[in-house]
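In what comes next, subunit A is part of two complexes: it sits with subunit B in the first one and with subunit C in the second one.
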Partner chain A sequence: MTGGLSFVWEHFKFNLASAMEYRAGFISQVVFMVLNDMFLLFFWWIVFGRVSNVGGWTFQDVVVLQASMAVSYGLSVSVFGNTPRLPVLIAEGQLDYYMLLPRDPLLHVLVSRSDISGIGDVAFGVGVMVLFGPDGLGPLVVFSMSAAAGAAVFTSFGVIAGSLAFFIGHAQTISQQLAGATITFGGYPEPLFRGIVRVALYSLIPAGFVVYLPARLVRSFDLGTFAVLMAFAAFAMAVAYWMFRRGLSRYESGSLVGTRV
Partner chain B sequence: MGLAKYVHIARINFAAKTAYIGDVLLGSAFYALILYIFVQLWKVLGPSPGVLPEGFSQKELVWYLAASEAIMLGKAPIASEVSDEVKSGAIAYALGRPYSYLGFKLATYWGDTSLRMMVNVVIGAAVALAAVGAIPLSPARLLMWGAAVALALTLNFFMVMCLSLSAFWVEDTGPFFWIYSKVLFVLGGLFVPIDFYPESLRRAAAVSPFNLVLYAPSKLLVAFDAATFGQTVMMQLVWVVILGALAAGLYAMGVRRLNVNGG
Partner chain C sequence: MFSEEVNDVRAIVADGLAKVFKVSQKAAGLAAGFRSLMSPQYSEVRAVKAVSFEVEEGETLAFIGPNGAGKSTTIKMLTGILYPTVGQASVLGMTPWRDRQTLAHRIGCVFGQRSQLWYHLPPRDTFELLAHVYDLPRDQFRRRLGMLVDRFELEPLMSTAVRKLSLGQRMRCEIAASLLHSPRVLFLDEPTVGLDVVARRSIRELITEMNREEGVTVFLTSHDVGDIEQVCSRVMVINHGTVALDTSVAALRRDYMKMKVVRVRLDLGVGAGAGGDGGLRYGDEDDDGNDDGCVDGAGLDIPGVQVLKHKRGNFKLQVNTATTSIDDVLARLMQIGRIADITIADPPLEQIIAEMYAEGR
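Now for the complex of A and B:
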């Protein structure tokens, strides 16, 4: 476990250092992402200029919602940045490199790349949480832990969708659609969605676990809800790992010749 | 004959895009998702007193959004293609060919955009009809709305071309497009009509050309009047001429600086 965490951390540091070689590009990616996320708040600023709540959610709740989405997504793509590319790597037979090394291939694939703009998402989420979120250290601690769980769920669903490529060949579209739907639904308050859509948001599309439960926990902490979130994150990781291992037994190497530098 | 070749280029590009109709339909799935979410949002917000600005009912807001998102997601993405052609020097191949580079790009843009818009209009109308029912529309009104949308998309083309051609002078044009998309989002009134905005911001949006791309044609769909239509089309034409001349000027200046290495 500690070895795994240290492996992830060392890869992240390496990816970060290589991105910072191009200092201007690094800064512009991060800054533009922070600004991009701020524009998303513009819409809510207009809406809350006319109403005091949306289905019982206040502007502060929506800020927490946006912060949860940004940090969960940002952590996922900056630390496990190869997740969106997993279906392409599988379909093109590019996993050989990872299978020849002693580390777990899934973890190694995921951490081999970082999307640096994700750091901007994390900076935005933490920043607005500190500036506009609930006062006190408690909510910030709950926010950090539940956003980390949200990132684990988001990444795990990315792996599950990506691993479909082992079975159906091309899974990039379904993988993109799942991530897109999670992000899109995750940007709007939970009370807007009822019935079958609400069920889907806690099953097929994991927005409920990535965003709604973390936001609910920051609004009012409840140990039972917190335990459900953590248990679901562990379950999603286990399913993702199982699915990838299961698929790997069907994997066929590609004949593509390439170099890694 | 001069115009015929561009119509032909647009037709070829339209046919080429129909080969990937699955991709276009998947892109439209995102459009349908956004519409669904906003329908839910206005169902919750609509009954609250003082939420909707004068001239907009809940039904009209949904149709407004169907129109603005159809335009936003219907415009073909040409920015990176043009910027890459300038940076790589591939634009040099266009110099010896018997067409205007801007005209060629406009034709290919319309070939792609027209297919996207057809799909979006069908999906948008279906979602809006199912969610809130019909708004009063006549064939003549639809035709005039179509003209305003066509000018809006042409105006967008020239805005994007001006930004793309700046690649002759700056290395990375990516940030310009990012800013442009956010400016369209805010001053264009993508998610909410600019009538919702605080007065100072509303006035700034109203005098900018960006509202002519999204807000003005979308509002014409839900609150049509002949005077506003005339004014909108007139302003769109003025900006198309201004930005078209600017794009032509940038292209003429840019190709004089062109250095192509290798072959």
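Now for the complex of A and C:
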């Protein structure tokens, strides 16, 4: 476990160092992502200037929602930055390098790239939670743990969708649509969705586990809900790992010329 | 072949190793695309057909063949990247596709067309990261890196971003990176591709040194005859997924690499016609009277020498060194005129392999 965390941390440091080679690009990616997230929050601030609540949710609840989405997504793409590229790496036979090293190829491939704009998302999420979120250390601790679980769920669903490439060849569209749907639905208060859509948001599209449950826990902590979130995160990771390992035996490699960036 | 043996000296054993890929078939055009969507057709491509061989520890093997022959597929099965369709393999006593992670501690791989170095960071950073990946103790890593930096003369390159290194410098770093964990078997897939003459020589010398001094087994694929001649003691030719020839490099050289292609530019105006009794003269034309750059060999009556082309002092000759030495050919040319420029090259590997097949091997 410690070895795995150290491995992830070492790669994150290298990705960061690699991105910092281009100073202006690095700063602009982070700053523009913070601005982008702030515009979304500004939109909600205008909405709540006209209505007092949305489905029972206040502006502070939406701040928590946006912060949860930003940190879950930001952690996923900055630490496990190859997740969105997994179907392409599989289809183009670019897993060879990871299979030649004495590490788990799934973890290795995921941490070998970082989307630096994700750091902007994390900075935004933590910043608005500190400035506008509930008072006290407790909600911040719950927020951190829930967002980490949300990131695990988001990454796991990315791996599951991406691993379809082992079986159907081209899975990038499915992977992109799944991530897009999670981000889109996760940006709105949960009470807006009911019935079959609500079921979908806790199954096919994991917005419920990535955003709604973390936000609900910060608003009002409940051990049962917390356990469900953690259990689902562990389950999603197990399914993702199993699916990737099953697919790996069907891997066909390739002859594309490539470098590590 | 897989019987238990004490002190087994075999580094690699392949026994009936085969790989079949399922490939979708589709005719050109949109209509065919729709038909393929409704009723996909597949065919099987047998990339490797029941290949069997053994490589002893410390041996240097050139695994050669034309593009699509099955070289890379075989290497990928031996390194655990691909599962074989049938057959067995053992590398250092392990089954590559089952014991891949354990085996990775004991093998090194260099793919000439794929880099393991981080493009935007200096090589030193990649070496540091690889030390984590291989869980190398700090002291061991420092000693090993120091040795490799000295041996591969990497010190001036260590703090330069990889993207700013020349291909030759990068390849020296690549090979050093693959040796960081002291592997017992080194798989090299076209390590000199795209390199200039000096860089190629340097890479070959380094591989040879590591084999000689550390006893590393070398399994090399290349399209460069020089790699095979200068690094390897044994050569295995694979074509159409089967082993076509397994012999020593000395035997290959004797039997197939005796032909050299000599390109000469003679200085017009100096010594033209001197001693040219019945020999080749500047500006000679083909037998057909056309100066079209192609002759049928008339004019240069040296046994074992065939004139492939000539045009105003520029000659391309094929010399059978088993019949006539290069020295004799040059001496004869110098009777005709002063040599302004000369290159001597091996025929392409594809030609050698084609000759093997032409001879029914």
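FYI, the second predicted complex is superposed on the first by the 256 of 261 C-alpha atoms of A that agree within 3 Å, B and C clash if a C-alpha of one lies under 4 Å from a C-alpha of the other, contacts with A are read in each partner's own complex, and residues count from 1 in each chain.
One rule holds for everything that comes next: a residue touches a chain if its C-beta (ideal position, glycine included) is under 8 Å from a C-beta of that chain, and two chains touch if they have at least 3 such contacts.
Quick caveat, the model's predicted, so the values are computed rather than measured.
**Student:** Give one word, clash or fit, describing how subunit B and subunit C relate on subunit A after superposing.
**Tutor:** Overlaying the two structures gives subunit B and subunit C room side by side.
**Student:** Report for A:Arg23: first if it touches subunit B alone, second if subunit C alone, otherwise both or neither.
**Tutor:** neither
**Student:** Of the partners subunit B and subunit C, which touch A:Ile46 in the superposed model: first, second, both, neither?
**Tutor:** The first partner, subunit B, only.
**Student:** Name the chain, either subunit B or subunit C, that contacts more residues of subunit A.
**Tutor:** C
**Student:** Considering only the touch criterion stated at the top, classify A:Tyr251 as touching first (subunit B), second (subunit C), both, or neither.
**Tutor:** second
**Student:** Identify the partner contact of A:Val54: answer first if only subunit B is touched, second if only subunit C is, both if each is, neither if none is.
**Tutor:** first
**Student:** If we overlay the two complexes on their shared chain A, which of subunit B and subunit C does A:Asp96 touch? Say first, second, both or neither.
**Tutor:** second
**Student:** Quick one: smallest Cα-Cα gap between subunit B and subunit C in the superposed arrangement, Å?
**Tutor:** 9
**Student:** Which subunit A residues qualify as touching subunit C in the complex?
**Tutor:** Listed in rising order, the residues of subunit A that touch subunit C are 3, 6-7, 10-11, 14, 17-18, 21-22, 95-97, 99-104, 108, 249, 251-253, 255, 257-261.
**Student:** Can you list the residues on subunit A that touch subunit B in the complex?
**Tutor:** Touch list, subunit A to subunit B: 28, 32, 35-36, 39, 42-43, 46-47, 49-51, 54-55, 173, 177, 180-181, 184-185, 188, 191-193.
**Student:** Which residues of subunit B touch subunit A in their complex?
**Tutor:** For subunit B paired with subunit A, touching residues are 26, 29-30, 33-34, 37, 40-41, 44-45, 48, 50-51, 175, 178, 182, 185-186, 191-192, 196-198.
**Student:** Would you tell me which residues of subunit C are touching subunit A in their complex?
**Tutor:** 21, 72-73, 76, 79-83, 100-102, 104-105, 107, 109, 111, 113-121, 125, 129, 132-135, 161-162
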